[in-house]
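Next up: the structures, one after another.
Presented sequentially are two complexes of chain A, the first with chain B as partner and the second with chain C.
Right, the complex of A and B next:
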């Protein structure tokens, strides 16, 4: 198992490097100037160049990238001139907020999706199966921002039952939980839908396998048989859940903007708008590391649960 | 396994949340009430000197935490606010308008308890202007550069007197000084420029008592304010760039004040007895023709044709009349407004005729217009641009729409339309604070911007340069405006801009808010406001 972990972590290094290079290049081919939000159109060309010099914007691109990489490897992600804060501080604050939202959304979306998929898969053709189909299709089709605005208008604006936004994590546990309800519902719908569909398909697939007939022929109770089905069907669900949690931890720009949730999505969006290169670079690195670690955890879990996977990896 | 994982995740979440609850919470608001505001900015303006987030930063943060040597009289709505004594209680100027002597107010203290005096003024000027100063703040200096455009030197005369000399006769120094704020030198020295924002300390009517970047800022009444204790107990600011979310915040009772809700919601809010605030103020959408090259350079008739082609009333109707047609660069009522020349009406026949006289038959001309997809103070670009495209099509001019991020539009304004990467743009969106502060005209109207770069749109008219220069050198205010009116007249006759729409500064307040005055300004006075307590 340790060998698997080391192998996967070493594979992550070129991925992280590639991601950081691509993001750096993309940010630098965008139209607009990084110093635009800092300077005045009254300034002389020399004054503007001085600011660009100070921000390192006049250095050749490869040199700028290497400077950033060198500092990042030493744990220094730089200082955001646009926000007047250390990038690492900004990222810690935003990642913490997104992690809370992502974790609750993942627990809610995956649990519900798993349950719906399991019930639908084991009761094929019944009303609940069809309802699950409709629900998961809706979850995939309804844009999260649209659902967010509707939920906001009804539960915050009209009924005044829930707060309209803000993380409110320093306003007590009850307030924090109330603040989570609407963003979690909006953000986890797609997670629920994907999990339900994958679970159902996997259950249906495994339920038709020969070994299930054998288990029944051996006289196992239906409960025992279903436990075996679930264990064999869980692998693809784990894979998709890992991707889903990774996406949630990357932060949703739209949900975070609508609910004023100060997380990674909102941070990256505002940083791109302000051409705050260091924040975008740092955030991308954090999101990519999160994805890689999460996938590693998923792979290890799969290897632990399913001996076939363990054999394939090793 | 799934159940165990779920329990573990839930336990982790509860630990995280419980940890978060240990952070300090604010106490009850002081008497006078708490005013909670949903701003349209994407983030809390940082409390630097100057703040960021454009004029929204000055409106909510800068003018509340800090004072300038002068302050606009924003507590009235009848006239354009003008500079009044603030930290400077009086001033005199030399006959040639190049040497200004300011008597500072005595007994003023920063929020950290240290005294405000001439040293604090010199400290801040050095911090923003003298590169050899140990506390020189290059980033703030860059943002504040416009306010220092004509500063030559400054010195302390005595503990309560400072003197500023300017590079040329300059009557509008007192306008620029309204935007230069003074932080506590002791706080700057203690925390340094990079960490100053978390400890911001000024002399203003409110002191910063909470600042969570990206989330909220709390400003609590400064009971020792030199101008007397203000009525309002506390202001809480929330950033929310999404109009639908700002509306929900207002309707849910979480805020008492929402900036720029969707125009479609105005009637509904009125029915629900919210206070709808709208009024003329110095803000317009005045796109700039690219005058560096054809088709607009040296083609007055073409510029006039497009001005006559605009159905401004139709545009206003699309916006539910939260804006109104512009007849010229500034609004009727602004002291720079000229009555000498009539503005452009909606006249398709005349537009077609002028287009033909300009040398273009219908269908022959295609232009490219760059505009922002959003950004505070840009009204409603998507709706407006679709209407503009249809208006121009009606006279046979095809318009390529080029939506760009606000940052890019600002960059174009810095680089100029003569820069290679922007030279294919024929018209550039512009949303000036038209006429709020006269020095604001410099970068838009002069042939060369004060820093020496050419006018970003290629506008260069000696008559305008002469009028604007003369205006800034008159000690008599009426004469200043007479020259500015001349300048506006030249701009209007020559159709140097696409005179399009004026904004009405839509904002909505809860019925609990009292004492609010909608000034003819981007900034607001908070000192007379109260909020009924529940």
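Right, the complex of A and C next:
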């Protein structure tokens, strides 16, 4: 297990390096470069030159990358001229809010999806199987922001049961919980849909395997047989879970924007409209790094649960 | 016992019967049988796929809906005389089903049916173009790295892994944000997002194919690597790619709609569905039915594509 862990962790390092290169290139090579947010039209050529010099924009690209990476590793992601704050400060403040929203959505979506997929997979062809099919198809096909708008109209506008947003974790536990309901629902439907689909397919696959028949022949109770099925079927579900939480982190841009939840997503949205690219860059980097680390944790979990995965690596 | 000479070609004298008449009758039947076999067209993979797809009712209905939406977008000027960009402010927020406005009017009095039909052009384009583009680029990368092991393959696939390290929607937003708003940029962004997964599918399919005997046979017969790739590997990789890509069209539409919802899509007032949804967002309590029309069309198209993709997967008997 230790060897697997060391190997997986050492594999994540080049990926993280690649992520930093891509984030850097996105913001520095493509047309809307970082300086555009600092330079205005009425500046003279000399002033522009001064800004370019100050930002180190006249250095060759690899040098600029190393500079940027060095700063980023020390927690310095630049200064947002629009917000008049350090980008890392803004991100630090927002990260917790996003993490809470994504985590609650993930727990809700994945556990509900697991349960639905399990029930549908073990009772194929029944009404609940078909309902699960319809629900996961709808979940896959509905844009989260559309669902958010409908939920807002029904629960906040029409029934007036829940707040339409604007709260955060600091506004009291009850208020925060109530404010989380709609964003969690609209963000996690797709998580639930994909988890249910994968779980169902995996359960159906494993339940038809020969070893299940052997277990029954050995005289195990149905309860014990199911435990074996679940343990063998969980691997693909875990793989998608990592991807799903990543999708929730990325999708936060839409959900947080609609519900005015002050996380990184809302930060990215406001930064895009203000062409504040350093903030977009910083947030992209932080979310991507979180995503890579998350997948690492999922990989390790998988190796811990499933000896076959462990064997395949070492 | 004398050894009988085995005839290489059967002539008319060969066959059942002791009399000449019986033998003639047998010969006639034999010719009939031969004729029937030669007129029987061997069914190609694609014909068989089409035949199996046609038996799947859900798939056919879904494909029909897709076709209707595409035709509606193409022939929009013939289907409605209303202008999708200019409305009458006096007719603002007419409800769905009001006379002259089948789907109502939006907050500026523009006919929603016209906007949905014309908007379908942008939204469907944003669904199809990135999918096709990514399928082409991704297949090229995947097949190349699947055939050429070693440095080239490793570098290509590790680069794909790095792009894979971003949540899809976030990568699209980041690319869109640095390219700036516009439909072309949205299409580029979504294409970049889709290339890595397609490349992975193509690469694993290629790895499965290249170890098979017919590829070895082609190599031994002296075919160049390029020729092997084109004539032996590609046709066997393509169905996996097609099944996978068909499932991406709906996702592409949703990502594109998300980008224009965030203000990174086609420039207003062009009636892209995601932008329409956003601009009608504030009207949801005043005219709920009108406000959900664009979202409903995104949903409908996406459902239809997902169902058609599932049917195609079954018809092609893909384990993907």
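We adopt the following convention: the second predicted complex is superposed on the first by the 269 of 314 C-alpha atoms of A that agree within 3 Å, B and C clash if a C-alpha of one lies under 4 Å from a C-alpha of the other, contacts with A are read in each partner's own complex, and residues count from 1 in each chain.
Quick note on the criterion: contacts are C-beta pairs under 8 Å (C-beta built on N, C-alpha and C of every residue); 3 or more make two chains touch, one makes a residue touch a chain.
In this text the structure is predicted, and so the values were computed from the model without any measurement.
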With the two complexes superposed on chain A, say which partner A:266 touches: chain B (first), chain C (second), both, or neither. first
Using the touch definition from the top, say if A:177 reaches chain B (first), chain C (second), both or neither. first
If we overlay the two complexes on their shared chain A, which of chain B and chain C does A:149 touch? Say first, second, both or neither. both
May I ask you to decide whether A:251 touches chain B, chain C, both, or neither, giving the answer as first, second, both or neither? second
In this superposed model, does chain C or chain B come into contact with more residues of chain A? B
Output check: A:103 vs chain B and chain C. Expected answer is one of first, second, both, neither. What do you get? first
Identify the partner contact of A:141: answer first if only chain B is touched, second if only chain C is, both if each is, neither if none is. second
Check the residue A:207 against both partner chains and state whether it touches chain B (first), chain C (second), both, or neither. neither
With both complexes overlaid on chain A, does A:157 touch chain B (first), chain C (second), both or neither? both
In the superposed arrangement, which partner chain does A:21 touch: chain B (first), chain C (second), both, or neither? second
Taking the contacts chain A makes with chain B in one complex and with chain C in the other, which residues are shared? 30-32, 149, 152-153, 157-158, 257-258, 273
Taking the complex as given, what residues does chain B use to touch chain A? 1-2, 6, 9-10, 12-14, 16-18, 20-21, 23-25, 42-43, 46, 48, 52, 138-139, 142-146, 149, 194, 196-197, 212-216, 238-242, 244-245, 247-249, 251-254, 404-408, 410-411, 413-415, 421, 442-443, 449-453, 456
Can you tell me which positions in chain C touch chain A when the two form their complex? 158-159, 161-163, 165-171, 173-175, 177-180, 250, 254, 257-258, 261-264, 274, 277-278, 281, 284-285, 288, 291-292, 295, 298-299, 302-303, 306-307
So in the complex, which bits of chain A are touching chain B? 30-33, 35-45, 47-48, 50-51, 54, 79, 81-85, 90, 93-94, 96, 99-100, 103-104, 106-107, 111, 114, 149, 152-153, 156-158, 160, 163-167, 169-173, 176-177, 234, 257-260, 262, 266-267, 270, 273-275, 305
Okay, in this complex, where on chain A does chain C touch? 14-16, 18-19, 21-23, 26-27, 30-32, 137-138, 140-143, 145-146, 149-150, 152-153, 157-158, 246-247, 249-251, 253-254, 257-258, 268-269, 272-273, 277, 280-281, 284, 287-288, 291-292, 295
